[in-house]
Structures are given as structure tokens and as C-alpha cells.
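Letters A, B, C, D and E mark the chains in the order given here, with residues in each chain numbered from 1 onward.
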Amino acid sequence: MSVNQMPTLSIAAAKSSKAGSQSRGLIEIDKVSVVFGKGDQGTTAVQETSLVVEPGQFVCILGPSGCGKSTLLNSVAGYTSPTTGSVCVDGEPVVGPGPDRGMVFQQYSLLPWKTTFENIALGPRLVKDIEATKTTEYFLDMVGLTKYRNHYPAELSGGMQQRVGIARALATFPSVLLMDEPFGALDAQTRLVMQESLLEVWSQFGTTVVFVTHDVDESVFLADKIVVMSASPGKVVAEFDNPLPRPRSQDMATRPDYIALKKQCLDVIRAESLRAFELQNS
Amino acid sequence: MSVNQMPTLSIAAAKSSKAGSQSRGLIEIDKVSVVFGKGDQGTTAVQETSLVVEPGQFVCILGPSGCGKSTLLNSVAGYTSPTTGSVCVDGEPVVGPGPDRGMVFQQYSLLPWKTTFENIALGPRLVKDIEATKTTEYFLDMVGLTKYRNHYPAELSGGMQQRVGIARALATFPSVLLMDEPFGALDAQTRLVMQESLLEVWSQFGTTVVFVTHDVDESVFLADKIVVMSASPGKVVAEFDNPLPRPRSQDMATRPDYIALKKQCLDVIRAESLRAFELQNS
Amino acid sequence: MTFRRWLATLTQMVQRPENRRFIISSCSVLMMFGAWVFVTKTGLANPLFLPGPEAIYLAFVDALFEGYQGSTLLEHVGTSLFRILSAFFLACLVGIPLGVAMGMSKTAHAIFNPFIEFYRPLPPLGLYTLLVMWLGIGESSKLALLFLAGLPGIIIATVQAVKDINPTYVLATKSLGASRMELIREVYLPGAGPTILTGMRISLGFVYTVLVAAEIVAATAGIGWMIWDAAKFLLSDIVIMGLIILGLTGIALDVIMRLIGFALMPWTRATRQFSKS
Amino acid sequence: MTFRRWLATLTQMVQRPENRRFIISSCSVLMMFGAWVFVTKTGLANPLFLPGPEAIYLAFVDALFEGYQGSTLLEHVGTSLFRILSAFFLACLVGIPLGVAMGMSKTAHAIFNPFIEFYRPLPPLGLYTLLVMWLGIGESSKLALLFLAGLPGIIIATVQAVKDINPTYVLATKSLGASRMELIREVYLPGAGPTILTGMRISLGFVYTVLVAAEIVAATAGIGWMIWDAAKFLLSDIVIMGLIILGLTGIALDVIMRLIGFALMPWTRATRQFSKS
Amino acid sequence: DKPETVTVGFLNLVNAQLVTKSLGLVQKEMPGVEIKYIKVGGGGDMLRAIAGDQIDFGGLGNPPAAIGVTRGLPIQGIMVLNMLDYVEALAVRTSAGIKSLKDLKGKTIAAPFGSTTHYLLLNALADEGIDPASMKIIDLRPNDIALAWSRGDIDAAWFWEPALGRVLEDDANLFNTSGLMAARGYPTWDVGVVMNEFAEKYPDYVTKFLKAECAGIDYWLNNPAETAVIIAKELGLDLDDATRMMKGTEMVPCAKQLTAQYIGTSEKDGGFVDTLVSTGNFLYEQKRLPAAASVEKMSNFIRPEYLESIVK
């Protein structure tokens, strides 16, 4: 992503005063439980989980497959209503999906029948952004895909598609950016590049980010705060503040504080997966 | 995998003298190039690559997507004939696939119309093993799936399927085991468990293993020797001997020698992917 | 107590989605039936064109025991089924090997494909005129028509099935030491099986739609002929009865094909018991 | 020099796989044609049943300019196409909204599905007998038959298409602030488009196979009627000529449907330009 | 030398062949030979049955016979099956107020194409100089005509019993009949045919067949009441209908068939040849035949010699 040459900084500045202002993007998850199905056959995906994400914070939710990460994120996005408990964003209870909470999925979320430009423009058009085209151009440039404006998603590489996904989610100037394993389908190298680019974009917008992953390295590299979840039932078992300074680079992977934090995370996960293994086999 | 209680150790002992003897399993790759397509449109997937794998050695081939790892492995398996150069196993040139070189794929390689038992028994039956049933029982038990003998692959989890795949590849007592990102489709936790199990099985059989991956941690954890490949054109750019002692455990990830080796690998990969990136954009 | 439990169970069953759908469907069929009874009973519909259900039932009983024009209903159905199944069996016998050859060899595909692609969209009745000229008005032209109707579906499905076989299965089995024949037996045939079966089901369905066409020329028995003949005499009760029988027989044939498929290919019933990992 | 380059280019073109396949197919068609000429020229085939190519050509020219029984060939084809296309258009008009409703609501699906499943496998000619009784021998029963033949395919494809839409598309678009109507416009319709188009193509193909059946009762024009009528008078040259026209028209219809699809849905042409990453 | 089986294709109409069949007369003439009867729906199907070599004996009206002969089907005409009188007729809808053929203009008229009645309809129009294009003539089989009539889809139709009887009860009256047209020089009839191959191989079985059919004709002429019962049973009709239909059909005793009006003798062609020629030419004008009729072909087709050998 070429954040270097931004042509329409005026727009960015104008809007970021609204989006990036540190007063917006507070997420309060209060004793949320999510149960799928009814009666005996119900699955408790998330159990009595509480979590507060400060405005502008970058939080990674880490945990094994099926521990309820996506479910928790979906209740913030408004896709799933908590069975009990409540989710508030900036003090307002969440009742459904909305353009104030941008969402980036793992893959296949760009509309295949729209070009890069049209996909990014969709949000601005739907929220009746009077400068929809200008906004779209700006984000198109931000993710460095101006050359590919008329390409359909099927004509883009996986990494390019995810860049469009991020641009699309940001183009409604949400106060919160929710990302569900956005780099999970990319190969290791592209993934590293995308992580760095994401931090670059984030440093510009200062939006609150909730980022779901099951890659420990990824969470350590990205997050201000790492929230570790465990399965059966899904709940938060640990929270770690990340001492690594910003701006970050992949070189930090050999720093002692990086390694220490990674070890802490791994220990919790190992302990939890052993417990899960025993639960399964008993 | 429950290697602990082995009921028919007699077979294992009898056969392993054949399979595990350190005189078998020498792989010599000599100036192999593989070009797909003809004339101007040809792609050089592997260029003039030489590599020797000693009998009983565990070698990991590490590299970014599309660098020719699979192509190189396939020329050992006999699926692809090198355009120039030669591949010999135990001094015999490779002319096609054969039961002396067991293969484990990333996924979907079990025959869906055969049960666990039948999949493992396929090799022994095809090589006219007179004790086919006994051999199958032994490997079924080795990977701890005796309870699932009559299940079809679709009824097994991803990890279970890969265990069957490993048992199937071993059941013809090959001198070489070739593995192409066998754990690439598993989630992180299952992956860790499978890595440990693989080392356990390997310590019993002592077969030569060539293991393709693009996960640096995986290669550092498993290998005696790490071979790093780079793309455009695909060739070996570095070889590292792994100083970590055996038996290994995931805790070693925080040892300084682990971290140093990982960093060495990462550095090579980063340098190579930067070079590739510049090649693409020039 | 027992009654209340029974009622609770019933309520639960009604609330289960698959049962709920069944109940809605039943209601909708019943309502249609009610409307039918209503319009015929009240004389809103001319019984010459739309007889009531009891007339259909009487026609059914009559055809079952007395027969229609010299054959009982079972004989009519039997004659038609015999035609369909023997022609379809022949079509499989020719189509599956041809399809395997076309799927495995690009040359074979290039040789046969133009003809199949050309005659496939032809209306069967158009083809039938030619077949009757060539083969006469007897059984052979009927069988030929049904055979030709069934063939392209089977070939196309088989070609697709063979092409779609995951190449990894072939490589893995080669690595275990399989010869070419062993490969066909262990991988190609079972691997193509489910898709071929689906193709066979679609193809049998199409053969079925051609049945009446095959029986309108010089037949004296067969359920299609019965309908065609009865229609000429405005025997709409027999026509409707015949159509209902045709519909039910068609569904039964499809169910039988599925069951045969399950029996021959038990793995297609297997479902994942573990979600992931 | 120029000739040698030309020859080299030619050799290269022949060696490219897609051209090679085309050449083999052409050869096989040509050989078939040769065999036809051979058996008719040598008198091996009775010209009454299998006229030679030139007889077919003459019949074609004659029908084109002089006409067959009061209508020129173009009028026959036009009449048939008009019947097919208007019935098919009606079937789309009814089938697509019904399919969308059935795809989005399980209740709507449960209500309509039993009828569709029941009448779908019925032989069209059997249904036709009833339609003629109800609607008479005129155009309306023909159109009704073609309409009913086309309907189930379109409905089933549309239901499937709507059900198959990736739920992520819906969620993502909701998160961008879309209302229900915006969702249908931006996601459901374009998302279901390609599958609906495929269903429409299959359905049109099936309507096409029913054409002759629709034209054998009381028609005085139409390519299907022409074939049926000519067969009565043993005019096998006209029958074969008509079948060839039917085949070509069928292929042309399918190609046109594809082109319309491409024009309406340009993204279905897009192919990945980057392998991975 | 005798054939194993003899297959007789019979048309679904009222003539003495039903008597022969019902009384098993052919079987009596040919002991030890299996006799098979195949009911054939109409002239077109009979032509295709002949073309497909599925019968040994058959019957054809004059238009399909002219087609078959001109197109070179391997058949010969050996006897008169029946002459058509008012068993075939043009029925018009009473309420439509049709007084003359001219009143048919703009109306819908049905006839089975390729049949004797289609031939007569077009000839009747031509005689009065009416352009067939001024009305809508559609191709329907007799039973479909009855159906279309009861729905009111058509106003006139030239076709035959038993469907004709059903229509006449429903707002219809007879306007013209085949018998009337015969008087105006357009006779229509059905001729009995044998396959050339069979006739060459088993000439005496052709005579045996003719003997049986002649006995059937005699039975028809001598025992009308019993015949009516047979016909009613064979076609599943009321006795009244059967009697009426028999009256509408003229049976010609075998001896009389060899006169100039019918098939003539081996020395001198009879009227059938003329009818075939004019029918053939008519069909050629209609473009239903690729070539005009040749007198020689028609004359070669009619073979009175078999009948001559039994009628001394």
C-alpha cells in the first residue's frame, strides 16, 4: 500500500477528525453469552464474557479453532444477538449491522459482480456520502490499487482482495474496524507484508480495531492488547498488554520482550488445549 | 497416536530391519531442472538444483508459495520427470511413482470410497504383502485409529485423515517418506500435536523424510536439515543444519538456538521475497 | 399425564423445522385437493374436462381390475417400464464405457463430441419421425428413441465424472504401486461413480419424459399410450389417472435409482462426525 | 520465405491443443459426411430413407424460397421460435420471482415444492393431452405446454441460486448500511444471476425438446410441424433437413443465451490474473 | 415351402377384414402358419410399417397408395378392401350456418392430412374454384377432431367413423360425403396390398389370403346382421353405430372387383389405375410428392392376376 503519496489529503483530514477522534470507538462487551440452538442440543459458543476496548486501541483476540472468537466479534458487528448480556459501541447498544462498524472477513467477501472501484464505492453510496466518488478514489489510492480500479475481484490476487476489503470497510469512516482472520487465507509471505501495511493504515486513522486470529506471532506483532480465549465453553482466559513499541517491524520477532509475550500466550493456549483434549477424551 | 501399546511389535521389528536400516533411503538430486510448457511460454519451476539427503535424515524444504518445492518433491516421487538432470534413490534412477517412496499430500488424498482400514490396506495389497491384514492392523494401531477402522474419510477430522495418510504411506515400508505440506490444512493446535506425533513415529522407523512446508517454525521444530528455496526461478538458496537436540518438544521454541535458526531462515526468506517483489514490479 | 407427554412430544415434533416443512407441504397439497373437490362438487368445473377425485378413483379401480383396451393397468405400467428400463440399460452399457474413453482421451472426446452435441438438443419427437421411417412402427423404433434420449446425458456425466477425479487420488494410488488396470478399478470407476449416478438419474428422468412420445405411434399398450388413446375419446378421468400414475412412477424410479446408488456406493452416505481438526 | 513462414505458423497452430481438438473433430465430422455421400452414391442406402446430401440441400433451397405447405422455411422457424421464446419468457417472468420467494422463505418453498416436484417428471406429451382438452387445439395449449415445460427448471435453478449466495456477501453489505431492498438489488439479484442463467439455459434446452410435441396437434406451421407432416408423406429429405435446422437453431439459441449472460454479467468472464498471494 | 408367420396390418376402419380376422378365415386357409394381426393407426403409419418391413399384407387408401407407389415401396395391390361412401363425410357446424363451400371462408376446417378425406376436401374446393388459403385447414386425427368439435374449436371437418358419429350428435350436419364425390369422379377406396418379397416367395399364400378375404366379403354381404355384431365387437361400438357404418361402406364381391370400374384384369387396367394417377398428380401439385405419377408404375402396382386365379 502506498500511503506515501496521498492526493486528496484534504478529504482524509476532514473526515479523520470525525473518524479518528479519540472520543469514538469505545466497545463495551458486558457479560455476553451466545447459545446456538435450543434446549439440550444448544451449544454455548460464548459464555459470560466481558471485555472493554478503549477508543483507538488495537486488540487481538487469540484462540484455537471453535473457541467463539468469530461469535464474539459477530455480536459486536451485530450479526448475532447475544443470548444474555449486552454490547455497546460508544455507549449505544448494538442492535444490528451498521456502517459505524466496518467488517473485514477472511475471504470471499468482495462482491464478485462489482469492480474494485464499485466495491469500495458501495459503502459511501449506501451511507449517502455526498463525496462518494472522491472518498472512493482516496481509499483506492490508499491501498495502492488505483491501477486495478476496473478489475473484478476474480482478477485480483488474494492479498489485493484483502486490501480492497480493508478499503471498503474503512470507506464509511467507521469508528470501529472488526477483522475476522483477515490474513488467514494468505500465504506466509504476503501475510507479513499485509500486517505491516495494516499497521501503517491504522496509524493514519487511529480507528479502534478488533482483530481475530489464531496465529500467536500475528497477534504479538499487531496488538496493543492480546485477549486469549479458550473453548468449551468459549470465554476469555487471559489478557496481555503488549509492551512492544510502535512503529513495529518484523525484525522485532527476536527481541526478548516479543519472545516473552509470545511464550506467555503459547503457555496459556497449550494449557487450554491440553484441558480441551482431556475433556474430549474423557 | 498411541505408539505406547503396540500389540504386534514382532512384525514391526521384522519389517523395520528392512525399512529402517540406515543403508536405505539415500536421495541424490543432481542438477535437476523442471520446465513446464514449451518455447517462450515455458515456466522454469526448478532450475539446476542439486541436493543430497542422507539415509534416515529428516529434511525440511522451506520456501514461499510457487518456488518449486512441490515440483522438486514430485520429481523424487516420480510424478514429474526432470527436464534435465537426474534423481536417484538408493542409487537407482527414479522413473515413475513406486511403493519404495511413500507420499503424504496436503489433503484429500485418501480414497473417499474406502474405509480407514481399506485405505491403509491398499498399499500392502498392491505390493502383494503376504501379511497385508496384519500389516494394516499394525499401522492402524500405530496411528491410534483402530476404533475408526470402518469409518470413511468423510467421517474423520482433518487430523485423523492425515494420520491415516501417514499410516498408508508407511504401510508399504518405503525407504523414503515424502510429505508435501501435510499439516498445511490443519489448524494451529492440531498442527502442533501432529508434528510431535510425526517425530514419534519417525523415531521408530528411521525412514528418510523430505518434508515440504512454508512454515518456518514447523521446519525448525522437525528438521535435521533445512533447505530454503526461492522463486523465479526455483532453486536452493540456503541449507542450515539444525543444532536442536532430539527428542524435541514445543517448549524449545524459546531456546536461543531455536530463535537463532528461525531468524536465519526468516532473513533468507525476507531477502528473497523482497527480491521477488522488486522483480514483479519492475 | 401420558396424554400431556404425548401432546408435548407432538408439539416438539411440529416445531422441528423439517417436520414443519412437511406439515406445510401436506396442508398445501390438501388444500389443492379440497379446491378440486369443491369445484367438481359444486359443478363449477365441467366434469367432462375435470372429473372429481372419485371418478379418477373409479377409473383407477376399473383399469386395475378390468383393464383398459385389452391390458390391465399393471400391464400398461409394466410394458412402459420394460421399454424405459431396457432402453436405459442399453444406453448405460454404451454410454459409460464411451464416456470413460472420452474422459480419459482428448482424441476420443474430439471424435465423438460433435455428434453428441448436435443431436442432444434435438426434440425427441423429431428424431422419432426418422427412426420410424428407418426402423418401422414396432418396438425397435420405440426402444431406439428411448435409447437415444438416454445416451447423451449418460455420456456427458461420465466424461465429466472422469475428468473431475481428483488427480491426487491417481498419484497417491500410483505411489502405492498400482498398475494401470488396478488404477481403473481402485480409482477411476469408484471415483466417477457418484457423478455417473447423478447423470444416470437425470438421464433416466429425461428418458421418462420421452415415454409418451415413444408410445404414440402404433402402440397397443403402455401407460403413455393409454393416456394418449384415452385423450382422443375425451376420457379425462383416465387421462388424469394415468398422469398421476406416471408422476408417482417417475418419483418411484428416481428413489430406486438413489437407493441403488447408496447400496453400491456406501461412502456417499458418510458425513463428517467431527467439525474440524 | 513468406510461404515458409506461413507454413510454420500453420504447423504451430495445428500443434496447439485447442486447435488440434478442433481439427480432429472436423475430420470426424468430415468422415461421417464422406460415409454418407458414399452410401448414398453407391446405392448402398435406399434414397427413400436416406437421401444424399444434395437432396437435402435441394429440399433446403426449395423450402427456403418456395416454402413447404404454405410457409417458407424462415416462417416455419420463425413460428416455432416465437412459440418457444414467448412461452419461455412467460416461464421466466413467473419462475424467477417465484424461485426468489421460495429461495428466501422456507414456507413458500414448502407450499409450492410438492406441485413442482410432482409435475416436473411428467412426460410433456402426457400433459399435453390434458392441456388440449382444457385449452383447445389452438395456440394457447401449445404455449401452455412449452410454458409448463420451462417452468420447473427455472424455479429450481433460481431457488438454488438464492440459497447458494454466500452469506458473507449479505453480511458485508449489511455492514455497509444496506436496507432490505438495497440488499436484494446489490446482492441477491446479481449474486443469483449466473446460476439462474445456467438454469435458464437448461430449461430453454428442455423447452426446445418439447417443441415438436407441441406442434403435432393442429399446427399448420412451425419447424416441428413441418418435420411431422413430411414424415407422413415419407419425405425423408425434408425430415432430415428439418432436423438439421432444428439442431443448428438449438445450438444458436444456447449460444445467444450465453452471450446475453456475458453481456448482462461481465464479471463472469473475469479470470484470475495472479496465481496466488 | 410355407412361411412361418404371416403378418396382416389392418386399418382401423369398417370393412370385411374385421370379419375375416374375427372368424379366423386366414388361419383356416393356412394351417400351420402363425397369423399375426397388427392394428395400424392410419395410412401414414401403414406406409412406415411397409417401409420398415413389418407386415406381409396391408391396406392403403388411394392417397397413401399413390405415395407409396411413386416413392417406390416394394408393394403390389391385389384387391379392393372397400369403397368409401358416407362412412367418410364432411360435417359442418349447424349453428355456423354454412350453406355452401364458399361459406367455409375464414373458418377452421380439420382433416387428417394425407388421408382420402384431405384429398377429397381439397378437390372439392378446387372444383368450386375456392382458394384453400382463404380458410384455415388444420391437420387433426379423427378422434382429435371429435375432441376439438366438442370444444367448439372447429366449424367443419371431413373425416370418418366412428368419430364422425360422435360429432353428428353435437350441432352438426352432413354436408358432403365421399360417396357423393365418387359420383363426381373422385372415388376413394382402400386397396389390399402385399409385399413384393412375400408375393415372390409364396405366391400361393397370396391366393390363400385372397380366398379368405373374399370369403369375408361374401359373409359381410350375405349376413349383414351377424356382421354388424362382429364389427361392433371388434371396434367396441354399439350395434346401431356398427350397422350405420357398414351401410356407409361399400363392399365389392371379388368377382366384380376384376371389372373396369375397379382393378380391371391383367390384360386391361381398371379404374383404380386412373384414380391412382390422378391422386398422384394431385399430391404432386400439393408438393407432397417429389414427382408426378407415372401410369406405368401405377399399372404395374395393380396385380389382378392373383384374384383372377381364384375367380375363374
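Just so it is clear, contacts are C-beta pairs under 8 Å (C-beta built on N, C-alpha and C of every residue); 3 or more make two chains touch, one makes a residue touch a chain.
These numbers come from a predicted model, not from an experiment.
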Taking a step as a move to a touching chain, how many steps at least join subunit B to subunit E?
2
Give me the chains shared as neighbours by subunit C and subunit E.
D
Same residues or different residues: which describes how subunit A and subunit B meet, taking over half shared numbers as same?
same
Most contacts overall join chains C-D
Here the gap between subunit D and subunit E, centre to centre from mean Cα coordinates and rounded to Å, is 41
Quick check: how many Å separate the C-alpha centres of subunit A and subunit C?
50
Inter-centroid spacing, subunit B versus subunit A (mean Cα positions, whole Å)
35
Can you list the residues of subunit C that touch 2 or more other chains?
132-134, 231, 234, 275-277
Where in subunit E do residues touch at least two different other chains?
48, 51, 144, 147
Using the touch definition from the top, which residues of subunit B touch two or more other chains?
65, 187, 189
Spell out the residues on subunit C that touch subunit E in their complex, using ranges where they run on.
48, 132-138, 141, 217-218, 220, 231-234
Going by the contact rule at the top, pick out the subunit D residues touching subunit A in the complex.
166, 168-169, 171-178, 182, 186-187, 190-191, 193, 265-267, 270-277
How about subunit E: which of its residues touch subunit C in the complex?
38-41, 45, 48-49, 51-54, 141, 143-144, 146-147, 150
Name, in rising order, each residue of subunit A that touches subunit B in their complex.
64-65, 187-189, 192, 214-216, 250, 253-254, 259, 262-263, 266, 269-270, 273
Where on subunit B is subunit C touching in the complex?
77-79, 96-99, 101-103, 105, 108-114, 122-123, 126-127, 151-160, 168-169, 172, 186-187, 189-190
